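Below, subunit A partners subunit B and then partners subunit C, in two separate complexes.
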Partner chain A sequence: MSERLVTFPHMGEYWIAFETLVLELGATPLVPPRMTKHTLEVGARHSPEFVCVPFKYNLGNFIEALDAGASVIGQAGGGCRFGYYAEVQEAILRDLGYEFEMVNLTSSWSVGEFIADFKRIAPGVSTLRIARAFAIAYRKAKALEAVDDRVRKNVGFESERGAHDRVVGRFHRELRAAGAFRDVARLEERTLAELAALPLAKPERPLRVGVVGELYILMEPFANHSIERRLAEHGVEVHRFVTLTKLIEHGIRHRPHVRALLGEADPWVKYHLGADGTESVAMTWKLMQEGFDGMAHLKPFGCMPEVSAMSVLQRISREHTFPVLFVSYDAQTAETGIRTRIEAFADMLVMRARGRNSA
Partner chain B sequence: MRKGYLGVDIGSISTKAVVVAEDGDIVASAYLWTEGNPIGAVKRVLSEIEGQVAGTDVRVVAVGTTGSARELIGSVLGAQVVKNEITAHAMGTLSMHPDVRTIFEIGGQDSKIIVLRDGVPVDYAMNTLCAAGTGSFLSSQARRLGIPVEEFGDYALRSTRPTKIAGRCTVFAESDLVHKAQIGYAIEDIVAGLCNAIVNNYLNNVGKGKEIEPPIVFQGGVSKNVGVVEAFKRLTGHDVIVDEVGHLMGAVGIALLAKSSGLEGDFDFAVREFEFQTMGDECGGCANNCEVVYVLRDGEFLDGWGARCGTGIERARTASAGR
Partner chain C sequence: MRIGLPRALLYHKYHMLWTTFLEECGFTTVVSPPTNRGILERGVSLAVDESCLPMKVLLGHIEALAGRCDAVFVPRQEAFERGEHLCVKFMGAYDIVRNTIPELRLITYDVNADHGVDERRSMIAMARSLGVPARVARRAYVLAEAAQHAHEVELARLQQSVADSPRSDDVRILVVGHSYNLADELIGAPILGYLRTLGAEVVTSDEVDKALARRTGAGMSPTMKWRYNKELLGSVELYRDMVDGIVFVVTFPCGPDSLMAELCARRVTGIPMTTLVLDELAGEAGTRTRLESFVDILRERRRRGHVRAVGA
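Here is the complex of A and B:
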């Protein structure tokens, strides 16, 4: 019998944490091949035409990983169509003739189910080992997010082009190899110090833009055409709040989290919009009041929770003359249109800021 | 001798160029079809411009390019400023209508709205994903009905009872239109219905959630269609200004942006004499297979685009050296 190789979908650089998780469970990880146009092509070819585009990317990752020898797939779900991804993808892959085991880690948000799922990924693993594996993977994800956050805010102002990328490239390599909690913590600390030491040409009051919307499009630069980076390159400090670890925390504490969000989204939203919709409204409203210069709202074409959020965001934007850039993504790969929109958005923010300063 | 700023706006359908003197005078302007060949169109537009500038005291000291071919032509002309058409249109329009509060723009492939307050753009939107309700849709429907697109507006004005046509989506609109024609609606009523559909589509998509306040300036190729202009007036309840030189606003805007950049360089109309050649290649460096486009000037590599990383451009450079 061939070896059990465990794979998972790509999302940004989180593969480093997923790989660690599988390793620490005592199983063998197979990181899906890096995202390319081929990933999207095979994913889209075998997906329902009208499904949201993250489904197509995930499916592409799975097909490429299965072709490379994977035999176990870990998938998650959420409070929208994402909740059906694992089942539908499993059915499609079986129809295509693949043999594998599908483990849906979020079929229910109970600790017992969670542990049972991990035991399916790595048969015979002890509960204690699961706890440790989860904790270290989680810690790595936190480190990735801390570094990412710093880069988003400063990369647009670096004096030497490519300086941030160099530090981050090394960080990713070392994070992958780090084995102990202490090592991860030290690496994070050292990387943040290195980033802080990079020379910046940053004005005292830089343009600040918040990025909100659907979680996958937000966190996968390949799918969003590196919109955060492109915004930053126009001299913008980019802020994003949706991260994987926050989604996990919110998933575990779902009810109190939604209640808190509805409070922040008051008076715009009375009922939960599903998935990240309510958060998109809450954050936009909050950041506007904090004096941010604008927001970018990203979603897959046809994303119901974000479509619902959009009409509220349009009202906030209109009533408070607060710029919101709306971008819908599907399986298109031409970047020109996105670049034109981002450049125009950034130009407008600059002109607005100049107008405000001279007034 | 006055300083002049050359602005070139190379759209999918038409290419526009102006020279704005330092005091704001438009000393030269030209407008012609791109015909799928942006470099050829720019050479032709420059020869017109050169003729108009020749008799004046103006010397071009900076160049700006905008429109969908702005990067290519920016490299060809050695432009000081390369900017998107949204910003260029806002600047150009503001220079002629300082009190404008809303700009509607419907071009060949895209449509946009710019909201301005106190002379500053404060919000904009552009059609997403789909070209429904743009000029190319109108001209294909005109062809289907056998009417020259230039007369489309006049047909619409003659209608007394515009028929309803679904404007949500080009495909739906088209089947609606065919169906209405087959059951016997007058062609004028169908054309008027189509103009209404274009405007409804625009207001419900691009204009969705925007505060549309007068003065409104309407630009882009479709603004030459009086049927659409009338539909805009009726559906917004405001007057809609269509400028005689509305089609030049992007070029004027980018010329002004070149001026305010403070950058200057040598510009010679003799750039027309060079042989420019564009090449497209799939990189092949990884599975992304980026489509790299590059331009050669008299056989030498000038610039390249379209690669996600540096490899594609390097490959193009090497490939062109060995040619």
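Here is the complex of A and C:
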């Protein structure tokens, strides 16, 4: 039998954690080729026309990985259309003639199912080993997020252009190679110290923008046309709260999480809007009260939970004259359009801040 | 107190339950008129651009009720059974309406089996909050539930009558779509009407034993969690041997339907299918041309089938 090569969809730099997970399970990972225009083209060609765009990116990743020899695909799901991706993608790929095994990791949110799914990825693996593999991958994801968070807040103010990227590039390389928990912890600590040592030209009170919306578009810079970076380049401290590990924690503690969000989204939302919709409202309302300068709301075109949230966000924005930049992404979204809108948004924030300071 | 019911979304499925309940509780019910161009245009201008067509229709109906009643009824539904879901627009409908037309008084009840919030208790609680005595509300629910059940049995009987009826010489077409689309005066009705004008016999995914259809749909697609899409998928399987072709009526940009129609086209073979995607700009001429050519194709297939049968 040929070797089992396990692949997964891309999402930001999380491939480092996914690769570790597969390796530690005792299977062989096949990281899908880096996202390119080809990924989206080939994914879109075989997708239903108006399915949300993350479906198309995922399918493109799978096709490119299968062409590179992958034989097992791990896919996740969520509380919207995302929960149905795996089954339809599998049907499409089978019709294209690919032979592979599809493991749907979130067909249910139970520990027993998780373990059974991991055993399908790596047959014969012990439960103890699964727990360790998950824990180290999770720790790596946490490290990625901690570094990413720091970069979002400071990269727009670096005195030497490219300094953050240099540190982060090395961090990614070393994180990939790190084998033990303490290595990951040390690397994270050292990287954060290196980032803290970089010279910044940051005003005492910089512009602050929160980024909310649909999880995949938020976390995949290729799909959102690096919107966080573009915002930062206009002298903005960018804050984002949705991360993979938080999604996992919220998925496990779904009910208390939703209850807490509804408290924060009060009085705008009475019931949970589904997926990340309630969180988009709660965070926008919270950050507005904390004195943030504006929000960016990102979603795939037609993403229903976020469209629901938009009707609330538009009202908050209108009644409190609070700037919210709404961006919708599909397979045709052009980079230049995004750049222009961000520029106009950032200019507006600067003018508002100036008006406030002179008043 | 007069309560307004928008003739949109799940009204088309649960009007028996809702009107019986509200009237037995002593309220007067007012229903918005069948969708017309004016209602749709108002809905389009109120809604977030990217909303799906049925959500735009809902908002148009809500506005049509403003000033004609004391409160508008917008329920919120997440799951009727554990592990099963409705499209998230039903979760958001109440809050969307509330934030789009803030000055309107709304009444609502919540159904979420995953969190133990059931329809009966929720509807009774809603009535009690409006001053209806518990005894009256409980009795109203029993009567309403019975009326709804009788209505659904009747729909299932229609399916059986299709199965039992002899085939005419002309083609028989299954039209698959959400009841809020098929029953809508502006969305589904022109399609059903035009197919009949062309001489086709039409059956719809609504005329089906819903529980059976859900079980059948779940068997065809194990990870599909949407209750109504299970019914649609199940109706395809239950009817496929009784019809010559299948028309999917999908409204733009419906999330669940975009994936379900894709899966259906890949899993159900051997029967012609076509998908009509409708939005607020859809012209009737284009739709008609597509239906005409689809019916022509089915007739041609049927004619050839006859020739083969005679030759055999």
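Throughout what follows, the second predicted complex is superposed on the first by the 358 of 359 C-alpha atoms of A that agree within 3 Å, B and C clash if a C-alpha of one lies under 4 Å from a C-alpha of the other, contacts with A are read in each partner's own complex, and residues count from 1 in each chain.
We adopt the following convention: a residue touches a chain if its C-beta (ideal position, glycine included) is under 8 Å from a C-beta of that chain, and two chains touch if they have at least 3 such contacts.
The structure presented is a predicted model; accordingly, all values stated were derived computationally and were not measured.
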Open item on the list: A:343 in the overlay: touching subunit B, subunit C, both, or neither? Say first, second, both or neither.
Closed with: first
Open item on the list: With both complexes overlaid on chain A, does A:315 touch subunit B (first), subunit C (second), both or neither?
Closed with: both
Task: Which of subunit B and subunit C A:166 touches, first, second, both or neither - done: neither
TODO: Answer with first, second, both or neither: which of subunit B and subunit C does A:307 touch in the superposed model?
DONE: second
- [ ] Answer with first, second, both or neither: which of subunit B and subunit C does A:80 touch in the superposed model?
- [x] second
Open item on the list: If we overlay the two complexes on their shared chain A, which of subunit B and subunit C does A:45 touch? Say first, second, both or neither.
Closed with: neither
Task: Contacts of A:186 with subunit B and subunit C, given as first, second, both or neither - done: neither
Task: Dominant toucher of subunit A (residue count), subunit B or subunit C - done: C
Open item on the list: With both complexes overlaid on chain A, does A:274 touch subunit B (first), subunit C (second), both or neither?
Closed with: second
TODO: Identify the partner contact of A:205: answer first if only subunit B is touched, second if only subunit C is, both if each is, neither if none is.
DONE: neither
Task: subunit B and subunit C contact sites that coincide on subunit A, given as residue numbers - done: 301, 311, 314-315, 328
Task: Complex contact set, residues of subunit A against subunit B - done: 33, 36-39, 301, 311, 314-315, 317-318, 321, 323, 326-328, 330, 332, 336-337, 340-341, 343-345, 347-348, 351-352, 354-355, 359
Task: Complex interface listing, subunit C residues touching subunit A - done: 47-48, 50-52, 55, 76, 78, 83, 85, 87-89, 91-92, 94-96, 98-100, 102, 110, 115, 221-225, 252-253, 255-256, 258-259, 261-263, 266-267, 277
TODO: Report the residues of subunit A in contact with subunit C in the complex, numbered from low to high.
DONE: 47-52, 55, 77, 79-81, 83-88, 91-92, 95, 104, 107-108, 255, 268-275, 277, 301-305, 307-308, 310-312, 314-315, 328
Open item on the list: List the residues on subunit B that touch subunit A in their complex, please.
Closed with: 68, 83-87, 90, 117-126, 128-129, 208-211, 286-289
